[in-house]
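A short worksheet on the structure shown next.
Labels for the chains are A, B, C, D, E and F, by order of writing; each one numbers its residues from 1.
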């Protein structure tokens, strides 16, 4: 494969496609947040055994969008002071029992960490929005014929609620919250930072769900390709594709990016064919907040070792700064 | 690839694994059919333009299991006498606008043909059973932790109801009905023939959803592999796998096969790695009805030309026999 | 794969490479048609059993170019009036017993359909032109060192004769004839429409054998790649490649396109790597007749569902218009 | 890939499937040789420039089976005494301008070397037997419905004639002739040694065209797979497959092996998936002559370096032994 | 892929191939350990910045076998009591800057963790044993013609010395040491436990370098395949292969297994094609110590989430048991 | 794959990237040659049996750079006059027992041929420069953190010494020497011609190790990709990549090209993805000697038949010209 396969880096840095949001974009999200607000903020937790000392692990359940029952992992290091909090969002269709250990490893660094399990994809998180249309395997086209029923509407709201749930915990200092995630989790991170005032920091590794119109052309083999597959089904019905693209515009994190207020860090690998660099820069270049982007020339859609220390450093700087050491 | 890659043909002919059904298997299906019976039998139809003379095409909608709105295609050749009827079931995750033409081409041979669009997968067929568990991409593990919520419970019932819908149409002779389909459609065909008395003939090409315990071992690359992927997620939780396997036993067409009463034709390709020959023979060898199997040495999971004429011949023999010619 | 991988659509619409035909191009084809004319027009038919009512199927044999024995399928729906006729040409190296069913399904829509089996490739169609040169596996380079012996010379002439054979049948209205086919069949369709006055309509799905000079560069993995493989053999003998390219210029459907007089419909998929979009547009953009092109963004070299209704509609409009309904 | 993927070596050494030859097998070959004998033995040669001293290279043409014009390369080292001769046969569909250098390199070791270019496949060797049936891409099924027209009938006879042509050259000692080749060339080598008394030595690397019935099952991805592809075409016509298998029995080198009289060396690689080891041993184990087999555990269908010295040694021992050194 | 592709589980549990060790096996290792003992035990450390509180990270250098300079990572959690220690060994050719984070995450659970960087493969660990033979890309065949120069001789000794280095650190309780690693790291873990009395616990995930004779046959595509590639080079020299296999017998962890005294846990995935299950069981079944094996049906050569908690639990039970909590 | 996948030919012909050599480039090589000069010029030879008459084959050993023991093959045709000599260099990681036959076949054309076995890669050639850094599998990054220890420093010097060894043989005319090789061998050929005055002719097929900065971007899947893999390891340490690139600049044959004095022939295949055409032209276009390049449109990284005769012709013209014929 040619490297980089997408635009050259200097063009990526300048790549800022026109936003595709409809006039009622903000109204749509206000209404959606209002609908979330009608779901009572509450949660329950149950201890899970975990063979490590100095830390406790829980399964948490809370009502998310449309009152769906959402599961999360919570890891709390022993502490006699309120802890800064981190909400983690995982990648698309990503295996659940591994995730718990990431949460624990992050918590051991001094944070209350809550990992939301994405509805329908993981654990016992329930996706209770019924799609009025058939869709292709996966979640990308579930409910896509209507912005009200589109799958990610519930997911983004569950993510906002996850922050509120963590803030409400007695062990947590609600003023020091970060949102973090990669790929789908990076998209949810940006969406949560755009739709909630709570986070002080957002760390989004190679965010997904961005710049759909380009992604459909240059990344059809990864999960973006579910869109291509869906459009294939309707070769006689171009209006179906048009309607789906209209729906997507409400959920494109590129369109949400200008709403983000908190400090935001993004990373991207230049050989990433799943969330191609241009689609990541499309979101990044529309951020209007304090921001930085880390570029990894030799990495694709995968864990990037060089990104770990910068992320830990930012978390320390922003969330632990007030702590006595 | 070695050919055949599965058991040698003589062993396939004798392959008859022990059934895995639980003691309440029949009770479960009686209850489920009773639940379906509480949904009123009704349908509506709307004409679709189709550029051929002598035949009319409709979109049909009817309430399926759990009152879900199910879509179907209907093609009716012009006729002044009641027509024999065929219910078609399509393959897994299979592209919708192509299917219509298959329905038309079959109808032109003298049948009222109704193609059910499988809930959640195609058209506007709604999958309204909410899964209490997250699942992997696809439908194989949706609701799998409980036989009541498992995805195919609704599908099988929609299929039974599709037969009733076709029988109820004024253009159709309710006493001459066949059920047909390949792959997932072959599984639904056998399930419908097992759970409804109406069909006089069942034609199941390489039926899917059969002999799950073996399929998990020898066919993990096709959609059976969703099960493997699901089990991978729970490497710390063997009870999750055990529960899923228990659920599957209620839906395994091998277990349903002994209930089939009508004449049944099955075909299988010996290089089929998606629905391996042994899993097909597992179902076939448990059929207790009048039956035959066509074996194609050089074919896999694909349209098999040599199977077309035998299928058309059987349809003529069983469904058109009473007609004056 | 990037989509589209070939030129952007707006460039495709304008892509009109210079024709490569030699000065004696038309003379060559006049001579070749004259040679065909010396073969007596005749045919014989034998009924084949086919399990459908209201239609009869035959094997037809007729002498083609160089008096070769050519086989065809013929499907005739019962009718008391002369039928419009369709000549079908199949794809490259494409499996024979499946083809019959396509012919039947089309005939059931009210046409006398004759499917020519391409010489050497299918059934008992004999390729009796002996090649004076060795060639690579396949037919693309058979006889390629001389335009007189090149494989497709016989094929194109057999195709013209097939039209004449169908026109001569008593059940057929010789004034209402269409030629149809995809891929190799699409190329033959265009060639037949260019070399015969008989067709009233040509339907060419993603035609092959077009714009060879570009195809060699952008599509070497499909059957165009036989040319690349052939040229590889002669790395010491550039004159062999030059001669082959000269021969190809006589058979390039791009060069034949300006001769087509009848209404012509072409379709193309933008992710087709076998007959890349630019090579299809190369032929289309040189058509001087009444024409239209259907573009399918998400489709490659495969059956395109969205193209079926437009094709059936055109056949109805052009061939069945005079019928009372 | 498991290594070895075929039978374990000890089973290979004992693998001796029953011969499949029909009662008139020898009569068929007697008649065929008689037909060859009616073609006059003659040849012409033309010098080709080749940049090496002490050796002359020619293109040779001679009439082969059915009077076809067959091309060969001839390399003659300068010598004042008659040279021992080697006839080379090349692999299936194998690139021609490379072959010349192999011929030269062998000749430089002290032999008159004639490489036959296989009809239809290479150079200007003409395949003038017209097939009465269509066939799949390649030569394996050309003319396969009749042993009289099967492609390899001509090839085997051309190979016998090539020996006679070399023997008749003034520079050659007709009593010292070897036949050599790999893959298809190995099959032709064994066939030539079976059908001609002239060779004193046969060197067959992993011979092809052996034990067809097993090859169809375990090697369908290489050129044996053309048979599978052909049989796929006739899923409605099992008699076509039966007839083809009957034809193949006349050309199976396993069946020809018992006729070989001269010393014969065979080699085989245990990871060869194109000509699987069992098919090679099938031929070898039916040889009744002085014989040996070299087994290479880590090699597949490719040049095997370890086999070069043994082959050169055998050629020296058998062909050069009478020379003074 | 068939699952499991290797022997069925019940056969794996009983699979205990005969050991291949030569009579002087133990003498060889005594001599090698004596040679190591002549290298002075010493080390130096330099602090590395790492953005986490409560823990310090160092680069450590120590002289290994043949006085080679070996690098290691050291992570020490703040503690006022001696810490139990863990020596980590990484996989074959595995990326270095990621490894550091694994070491930190383990240390945060209450251990002094030292990760040895394998000589020649990572960081600044020097492989100073010069090979007298050329070898294929990688380390598997480096020095393989002589057990004295074989690559893994140095590696195993560096691993023993790493334990001694960790034991010698002031922060560490030398009596509570575990060795851990996966794949190559699993092999080194077992070798270190066999060649050193120090460890109280060994955790070996899917250990590599075991049962070479079988691995060569069933796993040639992973790094075991370097052996196959090496043997391919010597198709004329079987004595080279014989000598290499003799060398390997000294390093086969199956042969070292009976020497292990400490408690040992092994895990294996049944779809692991890199270190096939049978080769893992070959080592496990020759262990004579207190032992257990965890089997993961759906996992291959990859991180297995379900294995994390059992490993952490064992580390707690064996190493932290004496701690007050 | 698009063909050509790299720049169009006209751009390749003009492609002449700026040299990357540091100011002390020539000084570095002067010092390195001086270091080589301190190793005494000597060699020993031992006869190897080879079954061909008129030629003798030897294994040769000589001290190379850093006094490493280097092995070579030598083939000497019987001759009563001094022979012109050819030094051959083989490709990267390329199988050894095959190489011998290439050497013999070339010698039979009238040359004393010495094939150097590259240190560490083949035969018993010892790579005795110890790398102070770990590296990825292969040789590309061995010692790469320091130009003094970089792997190819020894290789290039061994290559210069090989010429001197051949020149010193009594059977050889030291004034008529050529250097030849492909891929890695092509790079060494150019390096040897740049660093030694002895050769009269250099034949470099698709030379490797050229224009590293571009190769890293467009050829990461071949052995150039070892560099990409190495850089991936250091995603936190950009200075490591910078240092490696600085080292590579000393060994880039593009930078050495202007030093070549003798006549030089280069060839390149336009579909070569291992040593992409642009990287070959980068070196070629910086040659200032008498030169020519042969371009093969349809060939990749493989033996190119059409290049054989031109190479033999050049060898004859330049090396054998003074001979009486």
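Just so we're on the same page, a contact is a pair of C-beta atoms (placed from the backbone, for glycine too) under 8 Å apart; a residue touches a chain by one contact, two chains touch by 3 or more.
By chain, with names taken from UniProt: A, B, C, D, E, F = Acetylxylan esterase.
Just so it is clear, the model here is predicted, and its values are computed rather than measured.
Undergrad: Shared touching chains for chain D (Acetylxylan esterase) and chain E (Acetylxylan esterase)?
TA: Intersection of chain D (Acetylxylan esterase) and chain E (Acetylxylan esterase) contact lists gives B, F.
Undergrad: Between chain A (Acetylxylan esterase) and chain F (Acetylxylan esterase), which partner chains are common?
TA: C, E
Undergrad: Return the chain pair with more inter-chain C-beta contacts, choosing between C-D and B-C.
TA: Between the two chain pairs, C-D has more contacting C-beta pairs.
Undergrad: With residue numbering as the guide, point to the option in C-D, B-C or A-F that repeats D-E in over half of the contact pairs.
TA: A-F
Undergrad: Let me check something: if the centre of a chain is the mean of its CA atoms, which chain is farthest from chain A (Acetylxylan esterase)?
TA: Comparing chain centres, D lies farthest from chain A (Acetylxylan esterase).
Undergrad: Which whole number of Å gives the spacing of the CA centres of chain E (Acetylxylan esterase) and chain F (Acetylxylan esterase)?
TA: 38
Undergrad: Centre to centre, by mean C-alpha position, how many angstrom separate chain B (Acetylxylan esterase) and chain F (Acetylxylan esterase)?
TA: Measuring from centre to centre gives 64 Å for this pair.
Undergrad: Mark out which residues of chain C (Acetylxylan esterase) touch at least two other chains, giving numbers and ranges.
TA: 95, 97, 232, 234-236, 305-306, 309
Undergrad: Would you please name all pairs of chains that touch?
TA: Those chain pairs satisfying the definition are A-B, A-C, A-E, A-F, B-C, B-D, B-E, C-D, C-F, D-E, D-F, E-F.
Undergrad: Of all residues in chain F (Acetylxylan esterase), which touch chain D (Acetylxylan esterase) in the complex?
TA: Of all residues in chain F (Acetylxylan esterase), those touching chain D (Acetylxylan esterase) are 50-54, 95, 97-98, 100-101, 105, 108-110, 303, 305-306, 308-309, 312-313, 315-316, 320, 325.
Undergrad: Looking at the complex, which residues from chain C (Acetylxylan esterase) come into contact with chain D (Acetylxylan esterase)?
TA: 69, 93, 95-97, 117-128, 130-139, 232-237
Undergrad: Help me check something: in the complex, which residues belonging to chain B (Acetylxylan esterase) touch chain D (Acetylxylan esterase)?
TA: Chain B (Acetylxylan esterase) residues touching chain D (Acetylxylan esterase): 1-4, 296-299, 304-307, 309.
Undergrad: Hey, which residues of chain A (Acetylxylan esterase) end up touching chain C (Acetylxylan esterase) in the complex?
TA: Against chain C (Acetylxylan esterase), chain A (Acetylxylan esterase) makes touches at 216-218, 220-221, 228, 231-232, 234-236.
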